[in-house]
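Worksheet for the structure shown next.
Per-chain numbering from 1; labels A, B, C and D assigned in written order.
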Amino acid sequence: MAMVCLSDFEAYAKKYLPKIAWDYFAAGADDCTTRDENILAYKRIRFRPRMLRDVSVMDIRTKILGSEISFPVGIAPTGFHQLAWPDGEKSTARAARAMNTCYIASTYSTCTLEEISAAAPGGLRWFQLYIHRNRAASQQLVQRAEALGFQGLVLTADLPYTGKRRDDVRNGFRLPPHMKVKNLERAFEVCKMSLLDPSVTWNDIYWLRSLTRLPIIIKGILTREDAELAVRHGVQGIIVSNHGGRQLDEGPATIDALVEVVEAVRGRVEVYVDGGIRKGSDVLKALALGAKCVFIGRPALWGLAYKGEEGLQDVLRILQDEFRLSMALAGCASVSEIGQHLVQFSKL
Amino acid sequence: MAMVCLSDFEAYAKKYLPKIAWDYFAAGADDCTTRDENILAYKRIRFRPRMLRDVSVMDIRTKILGSEISFPVGIAPTGFHQLAWPDGEKSTARAARAMNTCYIASTYSTCTLEEISAAAPGGLRWFQLYIHRNRAASQQLVQRAEALGFQGLVLTADLPYTGKRRDDVRNGFRLPPHMKVKNLERAFEVCKMSLLDPSVTWNDIYWLRSLTRLPIIIKGILTREDAELAVRHGVQGIIVSNHGGRQLDEGPATIDALVEVVEAVRGRVEVYVDGGIRKGSDVLKALALGAKCVFIGRPALWGLAYKGEEGLQDVLRILQDEFRLSMALAGCASVSEIGQHLVQFSKL
Amino acid sequence: MAMVCLSDFEAYAKKYLPKIAWDYFAAGADDCTTRDENILAYKRIRFRPRMLRDVSVMDIRTKILGSEISFPVGIAPTGFHQLAWPDGEKSTARAARAMNTCYIASTYSTCTLEEISAAAPGGLRWFQLYIHRNRAASQQLVQRAEALGFQGLVLTADLPYTGKRRDDVRNGFRLPPHMKVKNLERAFEVCKMSLLDPSVTWNDIYWLRSLTRLPIIIKGILTREDAELAVRHGVQGIIVSNHGGRQLDEGPATIDALVEVVEAVRGRVEVYVDGGIRKGSDVLKALALGAKCVFIGRPALWGLAYKGEEGLQDVLRILQDEFRLSMALAGCASVSEIGQHLVQFSKL
Amino acid sequence: MAMVCLSDFEAYAKKYLPKIAWDYFAAGADDCTTRDENILAYKRIRFRPRMLRDVSVMDIRTKILGSEISFPVGIAPTGFHQLAWPDGEKSTARAARAMNTCYIASTYSTCTLEEISAAAPGGLRWFQLYIHRNRAASQQLVQRAEALGFQGLVLTADLPYTGKRRDDVRNGFRLPPHMKVKNLERAFEVCKMSLLDPSVTWNDIYWLRSLTRLPIIIKGILTREDAELAVRHGVQGIIVSNHGGRQLDEGPATIDALVEVVEAVRGRVEVYVDGGIRKGSDVLKALALGAKCVFIGRPALWGLAYKGEEGLQDVLRILQDEFRLSMALAGCASVSEIGQHLVQFSKL
């Protein structure tokens, strides 16, 4: 079976992963409307490609918070990578480093931050944080991450409680006994999300700020109002995200929300987006609408499920090739030439 | 089979109810366009969820006409509950009381008002009225309801004649011989809707007013013009409804009509809505658009069909949990924080 | 099998008619887009029903060009009724008279005008005319019709050449040898449409005017420009029609074109519409948008195919009952109360 | 099997061509969205047909760059015609001449320009050019074409790199060993598109201009900006094209882009369009929106696959008949009467 595009990896993962793991990764909240809208919304955006521009030398590199990456696609934080591949997040870290891009490691990793760091020394990594009721535990995580050389702190804002994912309820999803949420091993029971603190507010950004010198990126913003609040509270970056459609169903597709957030932010901080990226041209659309970089969630897991580190590299390489090609076909030789003039919203 | 969401109950009811009963409950008028639009219209509304608001303490209670209910979902008036469960409306009354919400008992109940009252003393109940050609019969019903402690009188305005429900015609629908429309037992033949009075006009509100001190809620309003007339004729509440799509096909979805009615009413009376509620987030959308409370029809019958009183409680509990969760994920800790800023209409 | 709605008759006809006859009646031009749009366009119109209006006494009669009909639905001109039922147009004429409505007999009838007249003396009938290259033949037809008591002359304007109906080409459609286009028996060969005159222009209305005192109704108008020309050339009525989607594919649905035509005509002549009427509520929509009456084509043929005269009466009676009911449920007790306020175009 | 419309030829070709050839011709880039949109976009355009205009004498001829063709449909440049029919482009040339229309021969023909010329002397032909890294090779091709009597030079602007056509990747598409890209036989290896020069810019138009006196037509323009640049750089014609959806997926449908390009060009040069033409009425729509002529790609290949020269003539004749009929039914007797008033964009 030739692996030609990301949906080939999806089909593979669906076929070979245990159902309970596939369902967990695939799950969206409620009717999965937002999960699916994330993808459909890209299809409503049309390119306005320009011709006869010299695209013989292509430069697809970009920088996020000052660090250069080989192309504007990073790995979004997702949990439980051992469900996809035995080496779990260690493989993810290695693939990201090999492809010279950024990996956001999740609090809910099945490897420790230390294991992740050791697996791929020198790789560009950010750490994703949930704030727990036990603030000391969260503080300890932040400081471990900083000490290990993680270069950004990503605060997830859209999970005061876990969304209702019907298949997980039906399956009675829980980690197999031999896997553990290792970063939290002593502090919490595995998978008890109720230890997350639903009382977190914008003021907690100041508390985080006091714990670390790392740049703070807030993940889960979908409105101009919250984008403005994020900027005012001093974050360095915003990831427009709806948690892959796993939290509040029937919120906006992320690519639609991106437009609103970028407009509100007016360049004061970097804006990224995740959700629904399935082709290199989706990346081009996101950048045209103002994203500095995109992050992929499920496609990275499909890559892991296919062949671990190597499979994830395959996924990234396909996206990279497709992104480069779509840039060239749209008439852009470097990322700096990408702009809103390249796209229009279909009226359909 | 895990009962995770309302469509699980629907599937159960479809599988286990006699076809003639399922068809009767499921029926919409003509092509069933409006019945289905009631649901689809919710899907065209998108949330604008807000993040990092303290949602650690959730308060989902509300009041309707001064009575507190545990959450803004009541039981809409539907007929013939014994078709779904042997105890019929007695089970419905018990479940509503157990969940501390409001039950609107139908004229076309298969239990008497007295049986309903005795089944769940102290429960919050309204009585739904059709005005019959025999006005004395209607007067007697109103006065029985008031004497039994019903706290509201719901006048159905959209049934001068019964809509054309093709499956009922094909099935030759009629109540099985052992069931009776007990409230009307002496006054009418069962199921002969032609005894309803198609000459009813707005002036009959004044006649109703003269019969009872109960608040009058008018059900079946879909336009701003009729909303204005309702307010002027002194009703206390309006239920935006298209009778579950069972009367005039191809009228508006109720959630769309709600917007128009709320705007016309300008807060002078309470506005409710029924039709198409299938998830807790639908309730949130209705409240964001100005409803004080929603009422569920078919889902309540599916709950009864599943396990009677217990099954209906399951349905209500699921809606309650989903409503609370969607509120929290949208950034609202109490019903009073819900507002129009939470939603936008999709352009699709 | 209960015949509950018009699609029951459609299913019957599809099942029992010879394929070549079914295909001929069902045919649309090219991709059949307009044929299907005629129906879909009705579904995009939403009612704004009004409540609590006295609808105890319903009056659904109307007048067309001064003649009263029992409800605003007539029989559109379609050819070859013997393909549907042995007695052909004689049955059609009888059913129309029995239901007290208007029947537009086609030039391409399989019975003569004389047979049609004799079958149902006193019925309200109009005669539909194509202008042939042999003008004398057309003149003779017009004068025969007038002498036989037909009360209107319907000039079809949209068939300078026959549309491309793929199934008819594939089937090699032609009338069975025992059927004849009797009105033209001597003048033409059967089914050779090429005898129609494609040089007809608006000036030919004056020629028709000179032949007869009958009111002239022009059929096939779809634009405001042509509606204005029709009024200026002195017609008494306009039938907005796209020939059931059998001529130019991908023109407008007739109900959409009706709006434009009614606006242009400004009440100077009566406007009717055909195409896509499948329910009584479609009739109500057409009247709300300004039609004085609608005409049904294929549904009449389905009725004939079911049981001849009796089957067509069944079809008309169902439409009549549905129309009366939808009027009542929308709050109108008589045709004069129907107006544009009753409808709105869905944005979907 | 009767060949009644173009999709009959499509079905034939799909059934009888080797899969690898069918896939190659059918391929679109990535998700094939644009390939399919080219067709769907035509369906969103509605005619506004006019009645009672004398259409007894139809004139469907037009001129492109001064040369008369029998109707406004030419053959777009597509590669590898021997994959469809043994005689390849020689058959294409003969069919085009027989139908008195224009054939744009592709650089990637499987016959030489000389063979094509010899097969149909005197036919109207343009030559399609890719600019290769080896400019001398391109220059030689241009000059051979001019010497052979080709009357136009079509520069393809949308292929700095080849689009990603998944099926071709999966199939490992390459020409069978007995076929050759004969025009390039010495200069290049077959199918190595990477010899195309991705550094081509607008200035290369001046270089082409210096090589030949042929009119230059630029193919692949989709925006008003590029249309303006094309005019300013002195081209004689523009073909609005997205390469049949084979290059950048999710660009605009060509019929939509045509509107924008025609508006920008303001009559200074001729504008043509390809992509998605499947019926004669599509041609009418394109002309109504300002195209001087359309070109067909895949349908020509289906015709070849059916019966070579004869099959392609069948395809052209069907389009011609359909175009003439749709013109007549829309009320136009000659191409000069076609205008924007004939169409409107559906809101759906």
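Quick note on the criterion: contacts are C-beta pairs under 8 Å (C-beta built on N, C-alpha and C of every residue); 3 or more make two chains touch, one makes a residue touch a chain.
Keep in mind it's a predicted model, so treat the numbers as computed, not measured.
**Q** Please tell me whether the contact surfaces of chain B and chain C are same or different in residue numbering, using the over-half criterion.
**A** Chain B and chain C contact each other through largely non-matching residue numbers.
**Q** In angstrom, rounded to a whole number, how far apart do the mean CA points of chain B and chain D lie?
**A** 60
**Q** How many Å are there between the centre of chain C and the centre of chain D, using C-alpha atoms for each centre?
**A** Comparing mean C-alpha positions, chain D is 42 Å from chain C.
**Q** So which stretches of chain B touch two or more other chains?
**A** none
**Q** Report the topology of the inter-chain touch graph, choosing from line, ring, star, complete and other.
**A** ring
**Q** Which chain C residues qualify as touching chain D in the complex?
**A** So the residues of chain C in touch with chain D come to 30-31, 33, 157-158, 160-161, 163-164, 166, 169-170, 197-202, 204, 218, 220-223, 225-226, 229, 247-252.
**Q** In the complex formed with chain A, which residues of chain B make contact?
**A** 2, 4-5, 43, 45-56, 279, 281, 285, 321-322, 325-326, 328-330, 348
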